[in-house]
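First chain A sits with chain B, and in the next complex the same chain sits with chain C.
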Partner chain A sequence: MLKYTFKRLLLLLPILIGVSFIVFGIMSFTPGDPATEILGPTATKEQIAELNEEMGMNDPFLVRYFRYVFHAVTGDFGTSYRTQKPVFDEIFSRFGVTFRLGVLSICVAILIGVPIGIISAVKQYSFIDFTSTIIAMFFAAVPQFWLALMLVIFFSLQLRWLPSTFTGVITPKHFVMPVLTLSLGTAASIIRLTRSNMLETIRQDYVRTARAKGASETTIIFKHSLRNALLPVITVIGISFGYLMGGTVLVESIFGIPGLGSLTIASIRSKDIPQTTACILFLAVLNVMIMLAVDLLYGYIDPRVKARYAKGGKKSAT
Partner chain B sequence: MQKGVKKVQPNALAFRKEGKAEETWRRFRKSKLAMVGLVTLSVVLLFALFAGVVTDYEEDAITHKFTERFLAPSWEHPFGTDDYGRDIFSRVLFGSRVSLTIGFTATLFSAVIASTIGSLVAYYGGRVDDIVMRIMDMLMGIPTLLLAIAISASLGPGVRNLIIALTISQIPGFTRVTRSAILNIVDMEYVEAAKSYGCSSAYIIAKHILPNAIGTVIVQTTMSVATQILNTAALSFLGLGQQPPAPELGSMLSDAKSFMRVSMYGVLFPGLTIATIALSLNLVGDGLRDALDPKLKN
Partner chain C sequence: MKYQKKLLAVLLVLVMALGMLAGCQKTPDPTPPVEDPVLKDTVKIAVYSDFKSFDPYNSGMTLDKVVYNNIFDTLLRFYDGEFENVLVTDYSVSEDGTVYTFKLKDNVLFHNGEKLTADDIVFSMERAKTSNQMANFTKSITKVEAVDALTAKITLEEPYVPFLNAVAAQVCIMNEKAVTEAGEQVSLKPIGTGPYTFVQWDAGAQVVLERFADYHDEEPQIKTATYVVLTNPETALIATQTGEIDLTYTIPPIAAPQIKEEGLLTLDLNPTMGSGYIVMNLEAPFIKDVNFRKALAYATNREEIVEFGMDGIAEASTHLYDEQTVGYTGEFHIPDYNVEKAKEFLAKTDYAGETISFKVGYENYKKIGIVYQEQLKKVGINISVELLEANTWVSDMKSGNYSMSTIVMTIDPDVALWSTTLHSNAIGGYNFSRLNDEAVDAAFDNGASILDPAQRKEAYAPIEQKLYEDVVLIPIYRRVVTACYDPDLSIARAFNNGFSSVEDMAWTK
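Moving on to the complex of A and B:
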């Protein structure tokens, strides 16, 4: 298990190199240059050319990329073109609010999704099951940013209950709408997955055995079915995290949240190559680490998975 | 005699193929939700296709009429009017045409590219498989929407760039799905049997593997269109897609956002349209999956 963890952490290295190469490439081979963005529309052509030369933008792509990697290895990821501050200063100062948003959204999604999923499965084909399925399908198909706008219209403009932007003193009230926006879509997929897994495990032989032995319905649901049904749900939570991080870009811009998402989009738009690369690298590492955590947790909860790792047979079809 | 046998075979194959499609349709029809999805989707597609017949593009969707700003829904303007007095219903119809085109095109491109890569690496396996899948892992390390935003923002706004961005961002996930579907088939006994008969790789891929994997690809494609339409809207919302004054569902939402204190209809209807399209595509996808899933065959 330890060996496996180590191996997976080693895999982070090529991913880091790959992701930085991809982002660097996307930013470099597309139109526009940073000097124009930094100096603004009033700059002359000579000034722009001079600054580009000074920043080494005229060097070949690979030279620039390897210079970046060389500096990055020593811990220097560059300074932002816009703020002139080291890129990770900005990232760390903004990460807190995004992280809180992400964790809260996942928690809310689980709290909504798992119980409703269980009830739907236990009372299959009932009115509750039907309604929750329809609602889950709807929320899975709704664009997140539209949901955010509708929540603002309803809760801020009509009812005047909640603040629509992150201004003034930040209270828990500020988090309600962004968290709801981010969590409802994930909750929908958790509901559907929990339901279908519960239905599958309820039909398993060991559940029938437990029933035959006279176990109560509560024991059967919570001890025998739920434990197994929740396994794939953990994977979904891991996958959702990436989805949430993508979603925060839009949600943060709608609610004016000074987080990582709004930083990323602002950097992309102003051709701030070091800042963009750092933001996306950071998100990618986070994403990979969470996937690893999910895999490890999976092995911890499900002895069958652990046994497979122990044999060293890592190759899977997924 | 020999000739006769050869003539019968293609017919027999054609009959079996038709039988499969019919069987899928028969099972698909049984699911009420899937049929609701299919009907809704057809209605939306028809409206988008005949948008020019229902309303007039220049007159209703583009021309500014400042005396008719922010009207509530009425018989004349079923979805109300926007900040320039343009008919929202008409803009939604023409806008969904753009969104649907982008969504379908991007999905089609990524489906073709990804299933080609997926089937090749799954069949040949080995080192190529390892390298290609590691590259896909790298791309998947970046959240899909973020990757699409990064590509399209760097390329600059516009429909063509949006399609490129959406296609690239969707390829890694799609490749993984097709690869794993094909890996399952490659291990089947009938493929092994075909190999032991001495059939060529090309023959095995064309006759045994692709026909059996096509179901997974179709289902994935349907679901993908829904995701792509949502992503199209999201990117257009950020100003990266169709440029004004031409309508697009996402950019309509971004316009209406500034005026939502005055009128909510500009936000409500384009969003509901996106949700309806995505929902019906998901329902059809679910129905297709159930209809094609061999596990449910009795």
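Moving on to the complex of A and C:
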């Protein structure tokens, strides 16, 4: 497993090079220039040209890219054109809240989604199954921004139970609505996936055998069926978590949350190349680590997968 | 199965009802219960976008200025057509208009305890000359000297009539020691002489200011001001209604009539110097024909555009700049709305129904475009409204890769300052019209140095004549900034950018 983990971490390098090249390229070749953004409408053409020259924007693309890579290798990812702060200062100042939201949201989604999915599958075609399917479909279909606004109107404006924005001293109450908004859609996917996987698993021969041997329903569900049913669900959870780490801009905008998503969008809009590249590189690393964690978790849950990782590069005997 | 169908129907009705209930608001009480009878001394203000920098010489953003105008003072302040003394007790201008002498107040301290002297004026003007933002306005300055500790003299190369507006009322006075100590962090450590000190900036979230105990003028009532970044206007409005925010500069335009009707919050529509207009590429096919442009002007119903394209949150306007702008003559006018005249002028052109592109870079501009599209259809002109990514749109506008668009330009109230959008040397920059007219260029080149107001107006007349008689652009509206706030908060005034300083705010209950 260690060897496997090490190999996966080594893959980070080509991924980072590829991502940085693509992002740098897109930001460089799309219209607009940072000098115009920085100087504003009162600037003359000459001032804009001078600032672009000063910032090295007139150098060929490859020269600028390799200069960026050279500095990045020494740990200098540049400063934001907008704020003049080191790019990772900005990222880390925002990552905390995004991480907390993401973790809370995924935990809530799992706590809601997995149990309901199991019950739905075990009690197929019952009232619970029917209701949970309808609710899951609703939350899967409803747009997040609409859900967020409805929650704000209901819980903040009408009931005055919860604060509508991330202002003042931040308390656990501030997280309730954003977490609900982010988790309910994911929970819906988990419910449906858990349900369908469980239905497939509990119909397997080995489960029938276990039942015939007199195993209790609890044992059949949790010992024999759930571990197999959860494998695809873990993948979805990993992907969802990665998506949440990217920051959901709409939810951040509605609740006034200073997260990674809004930072990335603001950087793109203002042609802040160093900040945009840093944000996307950071997210790429994060996603790779999350997928690695998911794959390792697979190995923990499924011994067959663990054995395959352990065999790794060994040639199989013929 | 029948039972399940009935249950499905009931559940669906419940879900719909929940959605409707959430949309029905009970009358909200925006004022939180007052526990302490003592007047509040804090204010939370919602703004629509994050800040970039608090270095006044390196930020062109309106919102940055809204904040740092509380931290820094200028020599003078321009309000309601007149100059107010801020850091000066008196000032004079030489007869030839090239030497300005300012007598400073004696009791002014910076936030770091340093006393304001004429050396700070020298430092500030010299720094402004080298800055990207201010260089254009301070380029006429040849010398700045400290005559004595409280007297600063600024000498210009030639008379520059907008000097007081563009420099004395714009250049924030900074302390040399504070700037030197801050180094590259000067935008994060602003030290001024203003009524509020900078406390902290949580990027993307908020900026906190605290009242300066040794302010040289009347102590403002508000002790702590927090500018909160809320990019979503619905959220900002709800937060104001629940009392989490005291004042918001961003609301959904469509909510304005309801807010006025309910009367639970105060709603001000603050006029600004922002001028919204239809901009046309004078080199584009059809547009280059003055008869076609006249047809467009006659086909423009600006009241309808304001009502439907902007939800009524603007003031219809027939002029690019008006009597508030120094140098305005008022002698020339854009054609009024007249569909028959529009058709008459269109008939004089080669236009045969071709579709002309109307490119925009923002969703709110797209709405204007759509309303305008319907108006032009009535006279037989077809436009297609295209929403581009903002940077792409700006790039296309600058390179002349467009036919028509709409834009808002906010220029300080002096005709000379419109040269950045109308002088031929700004083609490829912000002269999106690509106007290249000798008379207009000469008016800009010569007008700024004419001291006599009447002569100056006469010198600038060719600009308005060209703009309106040749329909270089079609003015539509004056931008308005909405300020929605707690009725117990009093705001004395708003400046020409539509925003108010914290020192002009006070709680009445």
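Keep in mind that, in the parts below, the second predicted complex is superposed on the first by the 306 of 318 C-alpha atoms of A that agree within 3 Å, B and C clash if a C-alpha of one lies under 4 Å from a C-alpha of the other, contacts with A are read in each partner's own complex, and residues count from 1 in each chain.
Going forward, contacts are C-beta pairs under 8 Å (C-beta built on N, C-alpha and C of every residue); 3 or more make two chains touch, one makes a residue touch a chain.
Note that the structure is predicted; figures quoted are calculated from it, not measured.
Visitor: Clash or fit: what happens to chain B and chain C when chain A is overlaid?
Guide: Aligned on chain A, chain C clashes with chain B.
Visitor: Touch check for A:110: first (chain B), second (chain C), both, or neither?
Guide: neither
Visitor: Which holds for A:290: it touches chain B only (first), chain C only (second), both, or neither?
Guide: Touch partners of A:290: none, neither chain B nor chain C.
Visitor: Based on the superposed arrangement, let me know which partner A:130 touches: chain B (first), chain C (second), both, or neither?
Guide: Second partner only, chain C.
Visitor: Looking at A:31 after the superposition, I want to know if it touches chain B, chain C, both of them or none. Which is it: first, second, both, neither?
Guide: both
Visitor: After superposition on the shared chain, which partner residues are touched by A:168: those of chain B (first), chain C (second), both, or neither?
Guide: second
Visitor: Who does A:51 touch here: chain B (first), chain C (second), both, or neither?
Guide: second
Visitor: Based on the superposed arrangement, let me know which partner A:93 touches: chain B (first), chain C (second), both, or neither?
Guide: second
Visitor: Of the two partner chains, chain B (first) and chain C (second), which one does A:207 touch, if any: first, second, both, or neither?
Guide: It touches nothing on chain B or chain C.
Visitor: Just checking: does A:150 make contact with chain B only, chain C only, both, or neither of them? Give me first, second, both or neither.
Guide: A:150: touches chain B and chain C.
Visitor: After superposing on chain A, check 134-142, 386-394, 440-448 or 458-466 and name the one in chain C that bumps into chain B.
Guide: 386-394
Visitor: Which chain A residues are contacted by chain C in one complex and by chain B in the other?
Guide: Touching chain B in the first complex and chain C in the second, residues 30-32, 138, 149-150, 152-153, 157, 253-254, 269, 271 of chain A appear in both lists.
Visitor: Going by the contact rule set out above, which residues of chain A touch chain C in the complex?
Guide: 30-32, 36, 38-45, 47-48, 51, 82-85, 90, 93-94, 127, 130-131, 134, 138, 149-150, 152-154, 156-158, 160, 163-168, 253-256, 258-259, 262-263, 266, 269, 271
Visitor: Under the definition above, what is the set of chain B residues touching chain A in their complex?
Guide: Touching chain A: residues 134-135, 137-139, 141-146, 149-151, 153-156, 176, 180, 183-184, 226, 230, 233-234, 237-238, 250, 253, 257, 260-261, 264, 267-268, 270-271, 274-276, 278-279, 281-283 of chain B.
Visitor: Going by the contact rule set out above, which residues of chain A touch chain B in the complex?
Guide: 14-15, 18-19, 22-23, 26-27, 30-32, 137-138, 140-146, 149-150, 152-153, 157, 242-243, 245-247, 249-250, 253-254, 264-265, 268-269, 271, 276, 280, 283-285, 287-288, 317-318
Visitor: Can you list the residues on chain C that touch chain A in the complex?
Guide: 4, 7-8, 11-12, 15, 19, 21-23, 25-26, 28, 44, 50, 52-53, 58, 60-61, 132-133, 135-136, 184, 187-188, 202-206, 226, 228-232, 234-236, 238-239, 241-242, 244-245, 389-392, 394-396, 409-411, 417, 420-421, 425-426, 428-430
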